[in-house]
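What follows is chain A paired twice: with chain B in the first complex and chain C in the second.
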Partner chain A sequence: MSAPSTSPALSPATSPALKKPRRLRGLLPVTPVVVFLAALFVVPLVRVFALSLHPVDANGYPLDGYSFVQYRRVFTESFFSEALWHSLLTALLVTVLSVLLGFPAAYALSRARKGVVRTLLFVAVVSPLLTSVVVRSYGWVVLFSANGVVNRTLVWLGFLDQPAHLLTSYLVVVVSVVHVMLPFAILPLTTALGGIDDNLRRASRSLGAGPVRTFWKVTVPLSLPGIAVGATVVFPLAMGIYITPLLVGGANQPLAGLRVYSQITAVFDYPVAAALSLVLLLLTLLGVSVLGTGFRFWEKRLHG
Partner chain B sequence: MADTSKVSPDARTAPDTRTSPTSPATPVAPATRTPRALRRAGRIATGLPAAAVFVFLLAPLAVLALSSFNATSSLSFPPKGLSLRWYGEVLSSPDWQASFRLSGVLVLLVVLTTVTIGTLAAYGLVRGNFPGRGVLSGLALAPLMVPEIIIALGLLYYFQGLGLVNTLSGLWLAHSLVALPFVIRTVMVSAQALDPTLERAAASLGAGRARTFLTVTLPLLRPGILAGAVFAAVTSLGEVAVSALVSGSNTTTVPVRIFSAVQFQLDPSVAAVSTLLMLASVVVLVAVDRFTNFSEVL
Partner chain C sequence: MRSFLPRPARARRRGYLLALASAGTVTALTLTGCGGVDTGGGSGSSGSGSGDGKGESITVTAFAGAWGELFKSSFVEPFEKDTGIKVNLVYGADSDWVTKLRAAGGKNAPFDVLALTPGSLHQAVGGDLLEPLKTADLSHWKQLDPVLTERSTIDGASYGVPLTTGSNGLLYRTDKIKQAPKDWTDIFDKKYCGHVALPPLTYNAGLEFFSALVSQGGGKLSNPADVDKGFKKLAELKGCVSAYPADAGSVATVLQNGDAWIVPFWDGRAFAMEKEGQPIGFTYPSSGAVGALTSYYVPKGSKHTAAAYKFLNYLSAAEYQKPFAQGTFYGAGNDSIDYDADFKAKVKYGEDVYKKFTWVDYKTATPKLNEWQQRWNQIFK
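For the complex of A and B:
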């Protein structure tokens, strides 16, 4: 029993005959997930792609054959194309804000000593993540509603004469989407900041750098992997988000995800929804790879 | 390892204790360089933004929880009078009851499914050495990279053809798809930290592959599996982006019912349900935290 189990560990390269069945056996545990994802992820995506190439008749009913008419609509009709631009810019803004706001929180979390404080801070970060997007959006609806806390505070402080319609403004949408995304930025940042050897900061200080300089020259560069992970997780999530903008800002917010949703639920024009969502996917993947390349380039310049 | 340090304690510790008093400048100097007042100012300068962010994170949740105890029928904050009226209303409503039951069943189904296939896959992806491993890892995490509205449209269109819209099975599959990447990712972290020699030791002592996996590997993967299970449960409990399109009048989960309620009305009963939903997540988290240090898994 013991002989065959120890021999491959000792000589993995010298027994090519043994290698092949062993390699394929390693595939076995992965099979269920591959089947699952092929059936529920790959096939639906391929079918959406096929759907997007369907021409439709005057009533929006899919016809046979293939055409690019849906894509032409997505790029030429401003109702769709402007929403795509808007989504891209909003996702970038949300990504930047999430990293900027996430940094101090992650810093505090990584420096907190084990104990009650650390647990409380951790719960504060994770609790929004554990709460449904609907619930969090609803919280913002309550906060920003006509007689909500924000409105009454603004009136009380004299910034407003009377409560304003905050719930249709772009600013409120950005605030609530950032709230949804923040934990996704804070957690990888905390890991990265926690992994920085404290001696490096001390070394920088003892060599004459002030706290600000140490922060910019030591802490931020070394937390770059965490920033990269946070940004590349937040960006795609922000590109496709539609529940929060819909509940907080209303169905008319010019975001691609919302346009897809309204095409599906109100207009029932599936083919154009498919084309729009695939262009959105393409933009998302493009954005993620640009972000990833940018961070890799930055890291290389710092360390190379 | 422990033995060698015990055998020769003098040789290891003596030089350390001797050198540190002779050169006290290195550890102490950086701390004394900046005046105390300045350091306190610095701590406030870094602490205040952090505190603001934590308040920002908790504000909408706290407001919801507090306004759910409103005695009046308007959603005012701070609440006017305290009562459990809205909780009673929600818990006695057959519609909400059905939704809670459905969400509960889904959580169980989704956790069982994703933990089983996700753990196997994560283990296989980390430890296996087969061609195309990188591609499969990418595929396993791909649903995270794809905007949720596309997954929703894809599943809606696909399920319409299969007759799975407005069914429990449809929601089960949809939730599992959304939750799966989280399980795979957390278990992969545990699997990467796994020491292969422990499995080899079990095998060399006569345990078969299945037995080694069940008695050695699985217990070692437990932190990742539990974290993954929490994520799967919480994801299923709160999932709405895909469910909003795939569910129907007979299969309205709690978040989807909140979703449609928020679009049309604002009354404290929805705040009460939201608070109950938050409570459910906290219970899941605390329950798991008792078995493992959850914060270390992430």
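For the complex of A and C:
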């Protein structure tokens, strides 16, 4: 997370003959990581997939034999299918909000000079990640409760006659999830914005473009890689989130993550939980691919 | 404008990679920052050394939090001191433990003695993961409440040693509700509309409340028509619910913050909050509170059965159950306890009380839970 450097000090092209062994040698150090990831990610995933193919008895124990009954349930029972749909829309909303709200913060952070102000800004940005999820969630509970600051202000200003039930609302889910996700949008944006040569903006201004035009035509297009990374990191994280909405009070919200959680802890039906989480995973991968393709297309149009 | 963007594609890609790297660091930060909290209670072991030290040790589960601490001082410490057997305490919740038992599949059980609520009991017995008790080996078995031992008896075999039972009734704010509610129906009073907390069915307290509504007119969870009636009654709360707490901490928080004035919850929690000086009262509904029992079980595949039974003898003794029951404000499984005056005045306990309880029919409820929660969500979405 050090300050980004922009000097394109790329090594001169090496001869093709030297390239290949060097590349192979480069693979050696990453082998432990690859093995580690494969063991901890691929193996459980395969087991989850195998589990999702079993029908269950009345107590939720997997029976012998294979079938797609769990997947049929995920797509036909509204309890699951609506939750998937709702999760997708929520994740998209959270992604858009995180990028939009993160942009000004990243802009300020990238322009701040090194020193106390920059450090304070930085700490403020990453603070949601440094706080335990329990503390963070109860912070929101305190703010959104019936006699919390938000409700009291709304009543005092005359917008409400009596406190609203904010803790059970969709609003609380969006706000609390955006809060956790903001750093993931802000940090890559800061890197991208910090990498823009100030001379480009100056050139744009000196050639007659106003500040607004310069912003839209120079700053935003050049920060596109940051936007793309932020969105592709925030979106999958928001798809699977469940603990924050659960703790803040949105336990009743139809989110797929919450449904998986309740299938495991209350219903003990692991196969349907496995099927639901795999469908959620596929949906997330699909979403990320669509986002990635969209950004690449946009970038191509901008830069040719 | 395009001519003003002479950055080579390579440098652009480099910016992308840098940004990706910084995002990766953030991910690593989150994982270390809150990963441990996300998964809930981990396992911990009690550290106190023992006297004689036969080198034997058993693994026992306890609910995390104040409950677990009191469990340790009431049962584990005297047991370790007297017998020299070391107890590894595993803190958590029963759904974790059932999950681990299921993974072990009746071999090399990860615990020697474990706590379960009736919801997960049927799960565990259904998977043949528990050993029926040899009640003759339990020295206090005859003192244990027959209504409570019956709750963990399945097909004639006794599985559980009852530790304590809570009563699900109405917990309310005494400063907001001046006249104490009398029965379950009082939660539907229009005066409280907008101030009711309703736990979902996937949380024990919510299912117990729903079971109470179904049972009120003599209905049964196993009869679909009675369940329909229960949902019809529940639907009267539509628009009146201000919170859907799904864990004990959230219930306490919404009451403290004033989000809710009344909630179906357990007597022990209410009296503990009252003891802390909060304006909290509790009503045992006249048509019958719902029992919320915690019993201890021996899993199949435990290697330390003899030591486990020794521990169960401490766990069921009046001497050790008394301080635990008084600390949690839950009635104990041993009927021969003479409680202190304060406890007697507050908590309703004993065979006659437990007989009047309605109990959740988990055998019916567990497989139906999805379907019911779905109906519940359609009412309260």
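As a working rule, the second predicted complex is superposed on the first by the 269 of 304 C-alpha atoms of A that agree within 3 Å, B and C clash if a C-alpha of one lies under 4 Å from a C-alpha of the other, contacts with A are read in each partner's own complex, and residues count from 1 in each chain.
By our rule, a contact is a pair of C-beta atoms (placed from the backbone, for glycine too) under 8 Å apart; a residue touches a chain by one contact, two chains touch by 3 or more.
Just so you know, these numbers come straight off a predicted model, no measurement behind them.
A.B. asks: Record, for the superposition on chain A, whether partners chain B and chain C clash or fit.
C.D. replies: After superposition on chain A, which the two structures share, chain B runs into chain C.
A.B. asks: Quick check on the superposed pair: does A:252 touch chain B, chain C, both, or neither? Answer first, second, both or neither.
C.D. replies: After superposing on A, A:252 lies in contact with chain C but is clear of chain B.
A.B. asks: Touching A:141 in the superposition: chain B (first), chain C (second), both, neither?
C.D. replies: both
A.B. asks: Is A:262 in contact with chain B, with chain C, with both, or with neither (first, second, both, neither)?
C.D. replies: After superposing on A, A:262 lies in contact with chain C but is clear of chain B.
A.B. asks: State whether A:167 touches chain B only (first), chain C only (second), both chains, or neither.
C.D. replies: second
A.B. asks: So, A:133: does it touch chain B (first), chain C (second), both, or neither?
C.D. replies: Touch partners of A:133: chain B and chain C.
A.B. asks: Name the contact category of A:181: first (chain B only), second (chain C only), both, or neither.
C.D. replies: Neither partner.
A.B. asks: By the touch definition at the top of the document, which applies to A:78: first (chain B), second (chain C), both, or neither?
C.D. replies: Only chain C is touched by A:78; chain B is not.
A.B. asks: Between chain B (first) and chain C (second), which does A:229 come into contact with in this model arrangement: first, second, both, or neither?
C.D. replies: second
A.B. asks: Looking at A:28 after the superposition, I want to know if it touches chain B, chain C, both of them or none. Which is it: first, second, both, neither?
C.D. replies: first
A.B. asks: Have a look and say if chain B or chain C is in touch with more residues of chain A.
C.D. replies: Of the two chains, more chain A residues are contacted by B.
A.B. asks: Of the stretches 116-124, 260-268 or 278-286, which one in chain B hits chain C?
C.D. replies: With the two structures superposed, the offending stretch of chain B is 260-268.
A.B. asks: Once the two structures are superposed, pull the chain A residues common to the chain B and chain C interfaces.
C.D. replies: Correct list for chain A: 1, 6, 126, 129-134, 138, 141-142, 145, 147-148, 183, 187, 191, 233, 243, 246-247, 264-265.
A.B. asks: Residue numbers of chain C touching chain A in their complex, please.
C.D. replies: Going through chain C, the ones touching chain A are 1-2, 4-5, 7-12, 14-16, 18-20, 22-23, 25-27, 29-30, 33-34, 37-38, 93, 95, 98-99, 102, 119-120, 122-123, 126-127, 194, 200, 202-203, 241-247, 250, 253-254, 257-259, 366-367, 369-370, 373-374, 377, 380-381.
A.B. asks: Report the residues of chain A in contact with chain B in the complex, numbered from low to high.
C.D. replies: Against chain B, the touching part of chain A is residues 1-2, 5-6, 9, 22-24, 26-30, 32-34, 36-37, 40-45, 47-48, 51, 101-102, 104-105, 107-108, 118-119, 121-122, 124-143, 145, 147-149, 176, 179, 182-183, 187, 191, 202, 205-206, 210-211, 233, 236-237, 239-243, 246-247, 256-257, 260-261, 264-265, 270, 273-274, 277-278, 280-281, 284-285, 288.
A.B. asks: For a test of understanding, state which residues of chain A touch chain C in their complex under the given definition.
C.D. replies: Those residues of chain A that touch chain C are 1, 4, 6, 8, 10, 57-61, 77-79, 126, 129-134, 138, 141-142, 145-148, 162, 165, 167-168, 183-184, 187-192, 195, 200, 203-204, 207, 217-218, 221-222, 225-226, 228-230, 233, 243, 246-247, 249, 251-252, 254, 262-269, 302-304.
A.B. asks: Quick one: in the complex, what on chain B touches chain A?
C.D. replies: Interface residues on the chain B side: 26-27, 29-30, 33-34, 42, 46-47, 49-54, 56-61, 63-64, 67, 75-77, 116-118, 120-121, 123-125, 127-131, 136, 139-140, 142-151, 153-158, 173-174, 176-177, 180, 184, 200, 203-206, 234, 237-241, 244-245, 255, 258-259, 262-263, 266, 270-271, 274, 277-278, 281-282, 284-285, 295, 298.
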